[in-house]
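In the two complexes that follow, subunit A is the common piece, with subunit B as its partner first and subunit C second.
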Partner chain A sequence: MLSNGKKMASVSDMYDVGWEEMRDKLRKWREDNCRNSEQIVDVGDELISEHSSKLGDDVWIIYEQVMIAALDCSRDDLALTCLQELRKQFPDSHRVKRLSGMRLEALERYDEANKHYDAILQDDPTNTAARKRKISILKAQGKSAEAIRELNEYLEQFVGDQEAWHELSELYINEHDYGKAAFCLEELMMTNPHNHLYCEQYAEVKYTQGGLENLELSRKYFAQALRLNNRNMRALFGLYMSASHIAASPKVSAKVKKDNMKYAAWAAAQINRAYKLAGHGTKESKCSMKAVEEMLESMQITMS
Partner chain B sequence: MADPELLLDSSIRMWVVLPIVFITFFVGIIRHYVTQLLHSDKKVDMEQVSDSQVLLRSRILRENGKYIPRQSFAMRKHFFNDAETGFFKKAKRKVVAKNPMTDTSMLTDMMKGNLTNVLPMIVIGGWINWAFSGFVITKVPFPLTLRFKPMLQRGIDLLSLDASWVSSASWYFLNVFGLRSMYSLILGQDNAADQSRVMQDQMTGAAMAMPPDPNKAFKSEWEALEIVEHKWALENVEEELMSRDLNFGPIFSQDLKCAMF
Partner chain C sequence: MPIQLTSQAYCKMVLHAAKYPHCAVNGLLVAEKMKEKKKDSHGEPVLCVDCVPLFHGTLALAPMLEVALTLIDTWCKENNYVIAGYYQANERTKDPRPNQVAEKVAARISENFSDAAIVMVDNSRLTMSCFEPIVHIYDHHENKWKSREVTFDCFEDWSEAQKITSALLEGRSYENLIDFDNHLDDLRNDWTNPVINKSVLDLC
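Showing the complex of A and B:
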């Protein structure tokens, strides 16, 4: 595993932390659902190889977390060790069965993995985790149409599963079916009205769909995303783009044109301000401000 | 009526009051663990899960529908409430009356519940009544009427004794309810030693997570959704946003550090 017989610096040495801080960091990553698999593998590997006795009952959930991260980083050896420990401790658990299915997926043995999940579902038809893994297998195999169909059926029964709605919206975006993707994002916006990212994604989908009505909607939702989080630069640029796009369209009335030009001007001013703040203290601020203005100019939509 | 200030023997406190507290406490803890051992997994019905989620979605539509465009809201409302094809109109669930006598799983659950909760209470209450009879334990801090005397002063036949003086059996019952907060401190929330909650459950009847009649729930949800109107929250969002400069906060003032710890 380690070449030249050199011992790699351990995480605790590099950052000067004790095992409790490492365990707490892992818990924070677990609660926030972060996918920083390499960091999890580094921290978790050291934690379980050297401090497993001190962790008590926490060790099992750390095994699960490290195993999934190890599969993400192709560390099959580490994943297998974690899985074996879990299997020894919880021999009949569906949760552990799902993990062995995931390992088979990582090794691309999809048929065996499917058998695992079918066995879980036979025992417990309401097990959502196994159904979602089956859909991921379809996605991994590239069968997006089937994956979409299965996910739709799943969502018909479990209408409240937000993770699934988000996944479905991504699948639809990949298939360029923006109308249906917008529907999924609307579900997410309803259940999480204060999440600015869903508003922004919805606005982007509407912008991509095109057409005057959709552009108006996208401008509104970019504005909403900005209202929820003033720092969302992507939404700020989106607001600028959608407002200038509407203003440049030949079919709009004079009042709408004037309003949208006002919005676009405001957005441009805010962008300038943001770059000015970012360039504070650096010597190139004058040049970069000019670059920003030129960028904004070039982004103007010219309708033929 | 004169209030005889009785002076109780301090050995009563040592040998009666405290032992009863300990007995109640430990019996409660034992009950909690025994319930956990005998606990059988509740089989959850797929349709119930799905129905409860649908009702949740409808409720969210009512509450947060103002965040999505008018047409989308109308589309979803139509899906739920349309006279012919609406979900709440079409879905008719078979209502299985859960008769406690015939439904085996509920019967065993009830028996287990009785065994672990009611039986110890009766046994220990009776033992305490027999073992610690013939004297008063303590005085409740508020005055009670004479009607309470036969209940709270078992085994003592003194007509002139104030009803505030109680015997051991009532002290036991006081403990059973009073130690509830102690249990939640030690055993965590939702523990099986919580007897009063068990009795509350029995009183509210067969009230499970989903009301036994989903059809009624659907009907009430249909009515609630009918009257909801769509008032778009984004009507004036641009004006509100542009009334002042954006607050970028501190993110541009320094380099963001992305270290692990």
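Showing the complex of A and C:
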């Protein structure tokens, strides 16, 4: 029921699902780390209010998931309900204390939130979750330089934390410090050599850095990303763009120019093919395809 | 020449920001291409009839932006449009000012369209009802981007824009909004947003 008394259609009615499917959906979203907070709130709220007794021990992790989603949607009422259930069940838990801190962050009561996290760290200096929340507060306050500094210090201690390396790469990109962002992505590529997304992001950073050497590196890494996943469109477009720019550069030898024109032509053919496969002959997709063909043609003209 | 926004352009911008509340988002504004430059066209507003949502999350990388600009430019030529502006909603609610990315893209757009504008969405005022326009408009004067006062004249029809945006936000239409990132994830996703455009038309 909404607070204004209007009765809304329940999720189970609207989508014809039972409580088990709702529970399974929530698990999948947890596992995939999705941030579809509105959906989590809709499904989770109903599951908790009407089926909590059937959930067994899963109920606690669901309370946590729904609480965080509720914070994202400014549903402090729901967040507090979940938090109170968790506090009752796990009175001295650091994990729950962190959730209390997150609620304070959502309410922009950053000083109080920091006190919560400092208390956790006093008790347990290795608590990574509390440290990351403190860094998130710096980010929320726009203190990027400090957030970067703290995150670097954190990574000196917890050098295997991939989520942290990725966060740091994003912070550097936002500050336009592409060299350091590239370093973070290199760490990630070393520990995850089969991850096509890291390769492709690294290539994008190199491309953005600019200069012939970086363009050639970017082309190589776009190509590598494609080897790892031949459906990565960003890698395909990236390969096309980087090869085209190299071929168009006055500083390259005739052989390099020829090779890159070949790579670009190959990529262009693949892009056209991908669009053909995707388009179902609708008017809009025909326009899209035409736009792609013309774009590829116009770039060929500037290269020759 | 100041820009003016149609309901479709305004509401798609706001829907894009609403779809990704935890990310920065950006996009391009397009206007109809003027047939000849009229001598007395100074001061006449440029009507931005539509917008193309581009990216969410990390906005500061070049390659996909270049692809998008080139592709959308080609699409514009097909439809007699021209890229006339750029919009952005920053990641943090308390930060409505254009940053380096915004200025760089706008400078690039200005090469083809001298009166390009930057439209910044003010996240802190984003509500379901949207009674007031929640954008800041910046024009380029003397090498700086200066904010202009936003009045109802900045819209083709503010009350229509407000009504439509509010209705689409309440109906959670933003879940179906496609940006260029979504398109790159799956080419079948159409960044011209025909479904949303139809909803806008139906509500007019």
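In the analysis below, the second predicted complex is superposed on the first by the 279 of 304 C-alpha atoms of A that agree within 3 Å, B and C clash if a C-alpha of one lies under 4 Å from a C-alpha of the other, contacts with A are read in each partner's own complex, and residues count from 1 in each chain.
In this text, a contact is a pair of C-beta atoms (placed from the backbone, for glycine too) under 8 Å apart; a residue touches a chain by one contact, two chains touch by 3 or more.
Please read these numbers as outputs of a predicted model, since none were measured by experiment.
By the document's definition of touching, neither partner reaches A:112: not subunit B, not subunit C. In the superposed pair of complexes, A:170 makes contact with subunit C only, with no contact to subunit B.
Applying the stated contact rule after C-alpha superposition, one finds that A:274 touches each of subunit B and subunit C. In the superposition on chain A, A:20 makes contact with neither subunit B nor subunit C. When the two complexes are overlaid on their common chain A, residue A:153 makes contact with neither subunit B nor subunit C. Looking at the shared chain after the overlay, A:205 reaches subunit C, while subunit B stays out of its contact range.
Judged by the document's definition of touching, subunit A residues 274, 277-278, 280 lie at the interface with subunit B and also at the interface with subunit C.
Note for the complex: subunit C touches subunit A at residues 21-22, 58, 60-64, 66-67, 70-75, 77-78, 92, 94-95, 100, 172, 184-188, 190, 192, 194.
Listing the residues of subunit A that touch subunit C in their complex gives 35, 38, 72, 140, 142, 170, 173-174, 176, 203-205, 207-208, 210, 218, 233-234, 237-238, 241-242, 274-275, 277-280, 284-285, 287-288, 290-292, 294-295, 298-299. For subunit A in complex with subunit B, the residues that touch the partner chain are 11, 15, 17, 21, 25, 39, 43, 125-126, 157-160, 182-183, 186-187, 189-191, 193, 217, 219-221, 223-224, 226-227, 230-231, 236, 263, 266, 270, 273-274, 277-278, 280.
Of all the residues in subunit B, the ones that touch subunit A in their complex are 44, 46, 49-50, 53-54, 56-57, 60-61, 64-65, 67-69, 72, 234, 237-238, 240-242, 245-249, 251-253, 259-261.
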